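Listed after this line are the structures, all set down as structure tokens.
The same subunit A turns up in both complexes below, where it pairs with subunit B and then with subunit C.
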Partner chain A sequence: MIRRTLAVAVKELLQLRRDWRVVFTLVLMPVALVLIYGYALSFDVEHIRLVIVDQDGSRAAREVARAFLSSGHFDHIGTTRDVRELDRWLDTGHAQVALVVPSGYGADLAAHRFTTLQLVLDGSDSQTANTVLAYAQQIVASVTPLVRVSGTGPALAAPLVWYNPDLASARFLVPGLVAFILMITAVIATALAVVREKERGTLESLRATPLMALELLIGKTLPYLVIASAAAAASLTLAWALFDVPIRGSLGWLAVVTVLYLLGGLGWGVLISTLAETQQVAFQVSLLSSMLPTMLLSGFIFPISSMPEALQWISHIVPARYFLVALRAIVLKGAGPEMWWQQVVGLVVYATVVGSLATARTVRSL
Partner chain B sequence: MRALLVILVKELRQLRRDPKILPILFLAPAFQLVILGYAATTDVRHVELAVCDLDRSAESRRLVQRFEGSTYFRVTGRVDDQNGLDRLLQDGTARVALTIPAGFAAERNAGRVGTVQLLTDGSDAMSGSAALGYANGVLRSVAAAGVRPLVELRPVVLYNPDLASRNFMVPAVLSLILMIMTMMLTAMAIVRESETGTLEQLLVTPLTPGHLILGKLIPYALVGLVEALSTLPVALFWFRVPLRGSLLTLLAFTVPFMLCNLGLGLLISTISRTQQQAMMLTAFVFMMPQIYLSGFAFPIQNMPKGFQLVTYLVPLRYYITILRGIFLKGIGIEVLWPQALALTGLGVAILLLARMRFRRRLG
Partner chain C sequence: MSQPAVRAVELSRWFGAFRAVDRVSFEVGTGEVFGFLGSNGAGKTTTIRMLCGLLAPSSGSGEVLGFDVATQPHEIKRRIGYMSQRFSLYADLTVDENLAFWGGAYGLGGARLRERVAWAIEVGALASRRGTVVRELPVGFRQRLALGCALLHEPPIVFLDEPTGGVDPEARRRFWDLIDTLAAAGTTVFVTTHYMDEAERCGRVALMHAGKLLALDTVPRLKARFESGTVVEIACPRPAAAMRHLEGLPAVHEVALFGDLLHAILAAPGAASGLVAALEAAGHAPATVTAIDPSLEDVFIHVISRPSTGREQA
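And then the complex of A and B:
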């Protein structure tokens, strides 16, 4: 059995060598993409485009405006006295936020009367808007005094952030990016493997050999597993070297989890390949089933705990979900297997189910 | 003109012959939007909170109740010892840990500052920082009893007053789905004919490359428009994203966007030699950059300058701006003309490029 499996693997490798561009793409693309997007993507909200509407013109007004500008979060886009101009600024998106200092602000402050500032925000991007609001509140609190109104003291929080003390989004996003890119690579690698033989009629000749379904599938997957593992190792090394993703946990476990994840992805590709009649259908199904679900349902960008209950259930069929939890735990928290063994179970179950379905399908078509 | 008609009929017949393709084309987009529209939420809710109350006063219990009562937190663990918090954070039971030190109530009653400790799991930077913000909000509402700031900041939120991320994300997910669906349609169109050898047959007919390209483009543009029409109701009536601008403008802007993606598909199809290459090119070179550089989840203004320049080549970037503008801000062509112009320009350029490549390949 091992000999026959190896024979298929060697045949597949020979075929791959003829189209070296495919191997090149499968190994180098993931690395290049991690490199590019690792730099490009971030959730840190900076360079917020700010308009200042100063209706007061006092020194206190200029002071609070200066506090906003020197905070480093805001880019000064313009100053105006007329609130009606704001619509145009915000509609076109030239400004995201406007600080309105009402007339009388300076006088109120000088007389120690309670007063207000207004912040007009473009709320369409709620996440950015929330962050901007928090920044603005901090700035206002830092330049204006508090007044004690009763005998009870205030409650304050001493925040402490673990694993990623400066809350850098790269450290959190890059592992997600690696998971996403590896999934696409794995599915794409095998999605055409069987259907291509079907379309070209070479499956007939394989049928004439004493090959069993399982041998055929393992033989076809093996070369791609090697290629995808190389891609995984290269992208994780890059994440560690360039993006300060610390690898705090054990490398051995990292390898085990990654290979399990890749097996799931490759298995899914093979399953598509056995189901589809034409390469075009295989192509569409594999992109549709891997691209968006891996990005949106895995916890890569959007937290799973915020999704509706039903969707949290659905997310269990997305293997990236398990891989990401385990990957972040190993890489960022340095946690041992007792913390994430459930994720390993998830990955194993996924790979087994997908693999046996694919084998069953192949038995039928042989 | 007749030649064009002939090839159109041929393409439509071919499309009809593959029974598996039709459900993919017409049902998948709406179905995906229903599911993924829910997934794309940046509102951080039900953050898992672990509590360690060392004060055990009425006041500390009230503080914990405040946390429980807010929709932002869900208490998933209580420990009597701060060391117990480590484990809860490490295995992911909790993402935020609140410690109320002994003497918290006494300090505040004496008019001094009572400090609690908030421990956050930063490995998920986004929900980590959001959770810190919410926690500060809860504390501020408790603290408000004692002091009042002399200057109050009053926020006025335009376009999306309840700051619901769904209103922002659903239009973007809709455009992602349209992009993927339409680019897929044409990415294999020509390479398949050349791999199966039928391109040779087409070449001996009096059809010109222009005819072939248009013949591949027009039927799929129709399919794309039907897909747009089947997903828009999902956004409007299922997710109830407010449509403040004109539906007609939105559809009009959809046409150049379709052209761009179908054109990109054709371009891929003329560059690649095998269907496998076409697939890799589509996924890695044409789809991913569009997704990540479009500003759908990662704001463009946060990117390094060089990347910001590259985003001007991304059709999806313009379409997402257009959709969000029409849906949420209710603006129209008077504000969005630069985006419309860019999309049309890109579409024409891509199609010309595809036609050029195609002719060279035939020659």
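And then the complex of A and C:
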């Protein structure tokens, strides 16, 4: 009955109001994480030491060099005409990247002929090298229209990066962070909330009332559903305000997908609570089982497609995997449900399976 | 009595090889104050948990208000009040918040809830503490609040599992006045205790020991099991040594230590006079022997020390 469920939810909120540590964790942890990840854990690369090898000496060559230097990513280490000097620059690590403008570059462009620029990268830090390559391609793409006189081909393959044109890692990380925070809060908060009643002995008295298992579960998880949703909204707002992470898609769909994802997390928390006897065990189990898979196996940081096959399989039971794809699609691409409905299926299946298991276990242990 | 409020037939529960409750049978009439007396681990709590539908019996059957404990636990839970050994209150909520929650858990709301909360505040003498967090409430107040919470939905029967543990005598007396009030209004009260003085206030008392129901009767009739003059109190300098001596005498059935004193049950009323001489001859001088009215504790010790007398049915 609704009245009994509501009684549980109100009680839970009243207890939360007095337990400032939990509120502190639930509200401040997401905010702190967004700030830490947004500012510190950045894959963006700045101050790349660039050496320019200008064998051409034309105006076009100077223009492309200037475009690199004014992009903000590079520090100018030196300019030379001699390619052989590169060995020394790169070997010693004085430079990380060299832009080689071959002789004839300006003449080729002026004659509307295809031509190439060469980028020499220190690949020992592959992460940085990849990022630099992407920056370079962007810069050249922006420069060549100026250099090009009319209707001829580009000087270098000119890719267009969609959705995140300046490849800011905040845009990539923040949705993952939201998934991460939601999973941890949902699982830990509910697991603790149920185990606490076990530890204090109040569960026995609850069992002697006509309260049904489902009423108790819904009543207890409802407040955390609301709080976790608020934390998600706060994280996205903060990311938008501080790191220019846009929300292009529909807020309604965002809410639907988020709630589905949370239901799975809440179910997992309840499932843990039926197995753990103390709050300490419940805390550790829920932290490990929510944090590690969400961080490592969801595509939050490491792309699933580059994982070993066995791990790719395991990632199918990590709900964040589905949520992340849908979340990035909605937030960054503004894509509609036709683009991510498979993810919704994944979330619904997960929530149903875990929710049923949790309810069955609760009925038995209650 | 028409239909009994509680009926247990050969009710048993074992955990592995341990028989927590062993073929217990009894009936509790409507409006009765029924006491379950026994030491810790006697099986009192396990019995109550089975009757409240919290634990399935291993064998035998139980009925509460006509509903079967094994198959209709939900029907039972809607109609009973239950106050458990451990506090059935939320220590981090106030008096009012606890009442509102437990009322809600029983499906009460609106005017009915307000009316019942007001009732619980009044009978529990809690008016001055409504906004106090339970953690900061004296134990006696907590107990009356817990009872109020268990009675919000006006159940015809209430199960109280060691309700007065850790409470001072004055608070216990007030609590029992409350139980008398309830019983007078027709509520059946099923209460477990290990306090003899509390058991004396029950209409009927069941003595439980090691999972078995050893005796069940009204307090006066339990005491009447002893012939007048056969229960004596003995005062002497070294009671423990004297007890070992007395145990060897044929005139003495049982001896037990009661603080600094000994209580003995004699084979015949006339044996008391010979006891002083026997004790002083054995070096336990000075000794005095006084015939006393048996207490419930004498009965209890008598019953548990002779398991051969077997279980007795109500």
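Observations on the model:
We take it that the second predicted complex is superposed on the first by the 252 of 366 C-alpha atoms of A that agree within 3 Å, B and C clash if a C-alpha of one lies under 4 Å from a C-alpha of the other, contacts with A are read in each partner's own complex, and residues count from 1 in each chain.
By our rule, a contact is a pair of C-beta atoms (placed from the backbone, for glycine too) under 8 Å apart; a residue touches a chain by one contact, two chains touch by 3 or more.
Everything numeric here is computed off the predicted structure, so don't read it as measured data.
Residue contacts after overlaying the shared chain place A:4 against subunit C, while subunit B stays out of touching range. In the superposed model, A:110 lies in contact with neither subunit B nor subunit C.
In the superposition on chain A, A:360 makes contact with neither subunit B nor subunit C. Between subunit B and subunit C, the partner in contact with more residues of subunit A is B. Once the two complexes are laid over each other on the shared chain, residue contacts for A:14 go to subunit C alone; subunit B is not touched.
Of the two partner chains placed by the overlay, only subunit B lies in contact with A:22; subunit C stays clear of it. When the two structures are aligned on the shared chain, A:202 is found in touch with subunit C, with no touch to subunit B.
Common to the subunit B-facing and subunit C-facing surfaces of subunit A are residues 19.
Subunit C meets subunit A in the complex at residues 52-54, 74, 77-78, 80, 82-84, 86-93, 97, 100-109, 133. Put simply, subunit B touches subunit A in their complex at residues 18, 20-21, 24, 28, 32, 35-36, 38-48, 63, 89-92, 104, 107-130, 132-133, 135-136, 139, 142-143, 145-161, 163-165, 167-168, 173, 176-177, 180, 184, 187-188, 192, 274-280, 282-284, 287-288, 291-293, 297-299, 301-304, 307, 321, 324-325, 328-329, 331, 335. Residues 19, 21-22, 25-26, 29, 33, 37, 39-49, 64, 90-93, 109, 112, 114-131, 133-134, 136-137, 140-141, 144-169, 171-173, 181, 184, 188, 191-192, 196, 276-281, 283-288, 291-293, 295-297, 299, 301-303, 305-308, 311, 314-315, 325, 328-329, 332-333, 335, 338-340 of subunit A are the ones touching subunit B in the complex.
The residues of subunit A lying in touch with subunit C in their complex are 1, 3-4, 6-8, 10-11, 14-15, 18-19, 200-202, 204-212.
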